[in-house]
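Should a chain be cited, it is by its letter among A, B, C and D, assigned in written order, with residues numbered from 1 in that chain.
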């Protein structure tokens, strides 16, 4: 049941610390005979890679993934796929001074309280560096889903709010997402965010964000009641991402204030189709924990980067008061780089649920 | 890995449909030599029981739990505890007419799409009736935690918003929660909700709600990185509850707009204590997926009751358009009865995490 | 991961003690739309039922199974099936005197050492009474496999040795198995065993046994390398049965002394078939943990009944020497009643593996 | 639930093929603050390493393990330990000719039947090469157990039979095990085996073996009824090792013919000890699936090496008859190198069970 394992049939487990020799991943349950190479995975990693512009951490990592097993002559064999990325830019000296201090908002204190020891270099295991391996696993899931479901399948992640600044949903245009450094589907908001984040960075502060991930082309029926519901596992998947503090499905928290006669999405027969048309999608594509065939909609809240250039009050290993000043290279808004990670988790959950659904219902 | 199993070391699995002969539960991993009887569990069930006032469903169930195993001479033996509640008030006729229709907002359509068959009586397995067994399992977890952690341990659930009406946090008084039919800690808001819900009920509509559950007296160190984080499992636990569409920890979605120098909770040495004082709790007691020793704070959004007395558009088993009118007895706000369920899930997650924490770190 | 859960996709968990109010079972992952009723399960239980002849325990239990969920209008719904059998003939007084003594060969001492408490009535949770629920779960698996694989599928269990007396393999005739009280496929051996066991019973002793279970009509490809191999899970399944002390596949322990050129089963092309003919079956139908399409052959060794009418040396709760004399009703050879249990475990493993195989390999 | 994961709290998962770039392992649940380095693990691997004498395969691998994570400044941190061994001596050409043939006794046919593709180089994933990673994981478990249980804890594996030649139990001397190339505790038998295996090798045949693994210093109470019994998990652990076809506990299959009054190990009070003395150990240290405090005794049967220099009948990818002649370097008796693997699996099961036992029973 390893607590470092994610998924049931399609599953992956990761290892590695921010400043150790490497990070790695074991992906299991991959369908056999799927065309796959390291070149297929690399573009997903490149989307998440640090050092690409001034709004994300300036740490430079090649992040080149190596496939160590499970692929033979260009296709998967059905056996576990081992993935490895060597850490090349570690600069331990940046972090040395905080070996004995607990940075506020970080996991320093809780790791120490739990284990009585911690790898303090760059946050060790609690660093977002681990998410590179999730993106690699998610790449495999995404490639498999495209192979199985065809071109109607698509997972799209974007940032919909940075600090207090939201996008205008009426301007949402998915084709804009890769045209700015914020994965922002609203080009006007992207401009505003640029100015806002420059300000945040200069003032030594940081900003939170809200992300949205949708999946289309997902058949009705995915999700395992009662404790393996699709939304249950999406919530777990998203909440496991570093710095995420909230998850909602469809209209989410707004549903508290929406009356019942609007909240329950109505249906009508669709011309020439077995599946009905839904007249709205407050449910975010999931009813009773099972996909309805509508677009699946998840949003997640990410707290501001905890490493900031402002002096903060804390304590050290001896329980003594200290003032902590984080140096080093950090994102003013870690939420931005969460987009490829959230997309990856979405793809992993969907493939796993698809396999579990077929296993039980596809036997006769 | 049964998809009807919740938890890893302390775990429970449930069975049963709304209108079948019984609902049941198997609770495993219970510490041995814990004093326990059916009388200890019953008060937890009574808090959730339907039929207690006009704001919750008028279905009347004795909801008397029977312990079938795992308890001998008044104490637990460490073997699985089987629990059973017979369904006594089933009135199948109320539901007969919708055997072929899919009620909007319900799981009727998705269960049919998934399994090709469904027990349409009262929602079958998708009914909130199943949550009675979670409350019973949670009662055992709560009793065990009190035994292990002592009187500083306490889980408190309440409703903090119904429809658009929020409580005033400055009036929050936990001792008020049991003084009104809404599990409301703000007596002024409780009065307003009464008027509001009477209106909702009369108009044949329904209202959503936001719940808050806190846990105090929880030691630092609970939570298993990376995919068994405490907040990950709380998110899954809460999202698995019927009609929940959002979960947040601490300041949750608000953290998107809170600047980094406020969001990261600072610490100072505490007089005469090993553990530091935190100067705020935006993190909701969890950092890096591990408890910090602060109060754990979770909120969940519950959509409005889907069964309403208003005619709704839908389709039937043949894909034909139909107008659905739900009769029967229903809560105008299902969120209210979610409080004991959310408390139960909190207790189950905490006991399970405590056991996993001790297993790894308590060996030498 | 409940330690009382067996299986991954098709799974079951059981609860209940020998002399508690009831034993029960939750079966999960059952394919939907499978015709099923309590009457379909009952014959499997009747085969295992005590009190049928003088060679098995005289405890009389109706062992009538009740289906509490997961079946609607005569077919499975895909949701968990709850099963319950009330204990009707408990006669606690028979066992009262050994509340403080540890019976040699029983689990009395180890349960006490583990939990610091035990339900001493009839062995409590360690009693073979629990296996009735496995037979019920196995009945569902067997019915599902027949539905999926058709009439070529068949699981056959029998006793091949009692005490030192083996069957003559050349006389093996499966149609004889139900013609004697020993599940013996060799009618000559059955006669000998009758005389032998009468002797054993009269002398207050007991006898061990070796059982064989075969499965035919199983497609090639079932089994999950490396830690979910088909033989791995069969070994676990059989070893989990009370009193089993050994498991072997195919030629098993004999393979130590068989030279390599005989041990490796050769193949030849089969007329008019995709799958080859194997010229022998030393491997017992499993290669590399995966079924080969040949008959699957498992044997298990069961130790003699530990409850015997001879006085034995032991200690009590205070660590003082005592002489233990077990009264009550007991089988001279518990191995005999193990046959339906071993068949049930075989069917459960096969259905679970079939579902896992299809999940990974049946997607495109 | 990854099928390539072994264990529940202390767990490991492996990846890698015989002739891929590397094999690897992720070990999770390791207790924190355990002194550990690659140098501590290496001696365990060296015991298993090929190429050491003429009775094991002449493939030469440095088998140097690299620790990639989970260890910081010489001690474990509680986070997953990533282990990697690069494959250095792959000589793919040796195997090229059998890319289209199914070697009898190997997993070639079943992998092809299951996945529709296979890495045919050296058996791919089904090669015993994977067991090197188990030995590495087992090294960590063994080191942890010594730290926790002290010097009374000891796991000892040896070969007790090769082909038809058994050791004389009266000559069993554990200190002899490392004095011969067979892990043989009987120096007289070791001499005989040398002559016998030379003969086997020259004739192009191969021999099977029986191994024994014991564990002493194990406290009473380990083992989780009903489906996580200690013997259940040992059976699974051993059966998962390549070429193993049988597992027995204590007197195992012999118990079929041992009468009840001998089979049930009697107890007497022990001077100056809380725990009783057992007067025999037919149960192999396990009663009701729970350790009794006696020595734990497991034996496993390993079939003869399937790769032999004799021509064998088989079929190819097209279902056509072929004659297969395996070239390359192979052990005349693969069983010998199974000893460090079986020891490793024993240690892993014991540590995992110890953690699960403490988790449930060590809370108050």
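The rule is simple: a residue touches a chain if its C-beta (ideal position, glycine included) is under 8 Å from a C-beta of that chain, and two chains touch if they have at least 3 such contacts.
Model, not experiment: these values are computed from the prediction.
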item: Touching subunit C and also subunit D, the following chains; value: A, B
item: Label of the chain whose CA centroid is most distant from the centroid of subunit B; value: D
item: Distance between chain centroids, defined by C-alpha means - subunit B, subunit D (Å); value: 45
item: Intercentroid distance (Cα basis), subunit C paired with subunit B, Å; value: 39
item: Gap in Å, rounded to a whole number, between the CA centres of subunit B and subunit A; value: 26
item: Sites on subunit A at which at least two other chains make contact; value: 1, 3-5, 8-9, 13-14, 29, 32-33, 78-79, 114-116, 125, 225, 356, 361
item: Subunit B to subunit C touching residues, read off their complex; value: 1-5, 7-9, 11, 13-17, 20-24, 26, 28-29, 32-33, 66, 68-70, 72, 75-82, 84, 114-119, 124-125
item: Sites on subunit B touched by subunit D in the complex; value: 1, 9, 29-32, 78-79, 144, 147-148, 225, 354-356, 358-364
item: Subunit C residues touching subunit D - in the complex, by the definition given at the top; value: 1, 3-6, 8, 13-14, 102-107, 109-111, 113-116, 125-126, 130, 161-164, 200, 205-210, 220-229, 231-236, 238-240, 242, 245-261, 263-269, 274-276, 279, 282-284, 286-293, 301-306, 308, 310, 312-315, 319-321, 335, 356-357, 361
